[in-house]
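These notes concern the structure reproduced below.
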């Protein structure tokens, strides 16, 4: 398939869609600024039935084709011999490198660079051996609460899932809105379902770096910018893999994180969410998540909730 | 100060207040069963202003008297030399043994045992080298959303904070309700402030095992049971340290986790919450948190939110 | 190929070759007792040219078919931004689960159990949540120094390497001794080369659990016992994989570690050693290694040296 | 006590004692080049009685004043419930940041920088997020085997141990040689005992950064250079803490690692060694150690052996 945009057109978007300076030259929160108290209060009014749906995969402790460096989860104190402890108890330990293709996590704005810069023009050098001095994940310590909107692309296309390499075009975002009866607005948390986790459950894991992932074509970037999306989430990694651009490996990551200041939610699981939205006939809900307060961190594993 | 209850009276409470079997002999969720969809929907109606307040301390990466085994937070890829990577990016890694006195976390019901048993009579042996086969934290994977209620004991006592070893009596819970104009009800998430984090900021860290912590006297246990609290949270660890009972090191932990099936939130930070409640004149709010889905885990670090 | 020994004959060997009680009922060192001061002094006299050869693979930091849980090696402080530190320096961190098929390590006698027992009849229950109370690796804290002897089976068979599943028979140990002009004696550290690491370098990694490894047939066990070998080493894991016995997954591990009290050296690299032995026409040398003093540990990664 | 050398005299030594270029401009091994095959063979002839002595402390798993970030040692599989595993076994995991004041380790030449350079003029920038591209610890993968010489300063001074802050002067190295009947020569591994570990056993741990450590005065540097020492070892960290020089925190570290290319052995335990040397009346022995092959690493934990 021929690409809709050339490489230099994509790079042109990086400049055209920039939010650098929009909230001041010192701003480190980017599009989170679109989420106001009023927006949150209005999101809460969507929580009507009280049903909650987790949008996270379990922490990925098992090595797999898409999980070369699994979470280390160890039992520090087991119950079985806990009578030897000062107080009979059980406790554990885990170690996680949460970026990658296996764990549901939020990318901080300092996670990716373009031409040596992160969001708002801060230097990549601001992330040194001791972490991020700018745009770390703890800018979101008060939580990510807003209206969530799901666009279920497999439903739109009437398929079980998108295949690796499948590109979602901006026109499909419009079509999905229409099909679902919802419209993405300022400050929303936009969740795009590709069906990746359903495919993984059916077919076993695959290596996204070798075999690809479905995701957004760069034509979606102006759409996301125009709608003033606060956070973009995916059950894959938002980007199509491979991107199709030799010199721009992850155009969506670059344009959202670096240019627009939009935090990303990667590797979520939207299967249960899609079922709930379909059952209730409602593709908007209260979204609530809070990254762990990892000061100077480049992101955090999360278990986001949709509340209906 | 003489104790209000003898050791055998406390043990008597463990039997009297038992919820074993209340939700069936296979139940692993305990008092989370008090939180219904209706309760959650009603909690969401408390989110009126849209203000959010984090209830978590930052992940505790620095060794301190109350943090002998700090979180290991390392930068896997720094920005400063990220041009050597396939895609210029930054990434990190952290390792955490979240129980203890330093990190805000939820205790799963399998975390503590009494006489070789956890909640609902499951054997301590169900937690082996590979984790918990019963009552693991992932019973809460759909999140912990309900009405939160803060009882601010320092405010009631008109002090800055409670001192290590100070005991909160059941009568003070009633008095705090009255002072705050709130009443704890079925399915609530009850948060008791001792002011520990304010004291720590003023006076530096201390070792709770040597120097103690303020907390609930066991006389509060029938109160918590009667009110059908779903989750109990503290800016300390709910228990007074030392407990005053030679053979019962953590009576509140035992009676909530093991007997009543009440999950605990330990080491939270309620300072900002207390200020917000006082400012708004409202001690009830929407509480939203979701443990990481650590299958077979004994708990999870969390960053809970209060939404007003 | 029909097996030389039936399953019950192998189990018979476990009883017949037992060293339990040989050095007293409290002994935790097993066949290390064969290494006397005199033996070490005599081994040192083999160090004549002063050449040293490492017998270890590099720590396995890269995921591979034989390395599902790689060593985590992270830079705590890089040089590139070390001017921000109190003293310009660089430092690292590593995390390792050293058992497995990828890292050169010593197995302590508490690493494997047979019918609930480890060496000398200690209960498997002696290894609890806090490690091994008997037969931990620190019984070897004063080091493993003795005469090393290499038997190079691919050389004997005039092949580049043994194939996965290939069985080395006791008669081949005799033949290799004769070919090499060496005789294994009391207190020796016996190293058996299968050529695994050469095969891995030529053909890429494979999963030993699915595709197998070459190793010793159980007929070698009486031979090892009779010669009073102190430590047994392999460039694979001493055992043939699969063992051929449905109920005895690792007969060599069981009989050496549990029955005879012989520590094992797993996943070594004997390629350079074999070249040196062939060049010098000498298959005996001073062997020197020292496990890290991991108290209560079940083994240690090592970098053993052959000194000629 | 007035310092013998001014700050600029110490910096003068860094230039005067330089071995940069001595073994070629690409050399990464520094003074290890002093250790020849002949030297090793001659060292082996010192192994006459066959006694071995470990020079390492146990891995430091317990938080202490000198160990703020202890080794994480966890049991992956305990024996007590190992019947649930595919093969009944026990296994562990450890994570270590080995630099610091608590674990016996070798410093690679890339561990410390002076004016942005490491040994032989390589840039500090050669150590990036993925480790050291120059002078990593794996230059020593074939092991550290040579003659070891102990200089027991407390014995010379007829005290139990040196106090924190005590300075060892070059004249004392001469005096100790004379007292012990030994002379340090080219390629030797020089071990200086301060008695720190004995003091720690008697008095409990202290924080070296606050309370200091005994060590070598910079006047010892020309002596070490002239004698062509290959490796310098200490039961403390070779440097006096505090150094007494405001701008030069660790003059011995800088001059040995950066200027002379001498690897350091830090935090060893020479108590048993000192007893053995005194008993045998011999302060020279075969030294054998091998760092783990941590490619791109800045050092390694070790358990070095003295063989008599």
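First chain written, first letter: the chains are A, B, C and D, and each begins at residue 1.
Basically, a residue touches a chain if its C-beta (ideal position, glycine included) is under 8 Å from a C-beta of that chain, and two chains touch if they have at least 3 such contacts.
Every value quoted in this text rests on a predicted model; they were computed, and no experiment measured them.
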Rounded to the nearest 5 degrees, the rotation mapping the CA atoms of chain B onto those of chain C is 180
Residue numbers at the chain A-chain D contact, same meaning over half shared and different meaning under half, come out as same
Between the Cα centroids of chain A and chain D the separation in whole angstrom comes to 47
Rounded to the nearest Å, the gap between Cα centres of chain B and chain D is 46
For the pair chain A and chain B, the C-alpha centroid-to-centroid distance in angstrom is 28
Touching at least 2 other chains, the residues of chain C are 72, 75-76, 78, 80-82, 93, 95, 97, 125, 128-130
Residue set of chain C touching chain A in the complex reads 63, 68-70, 72, 75-78, 80-82, 84-85, 95, 97, 125, 128-130
Touching chain C in the complex, chain B uses residues 72, 74-76, 78, 80-81, 93, 95, 129
Per the touch rule above, chain A residues touching chain B in the complex are 36-45, 47-54, 56-59, 61, 72-73, 75-76, 78-80, 82-83, 86-99, 110-114, 116, 118, 123-132, 138, 141-143, 145, 249-250, 286, 288-299, 301-305, 307
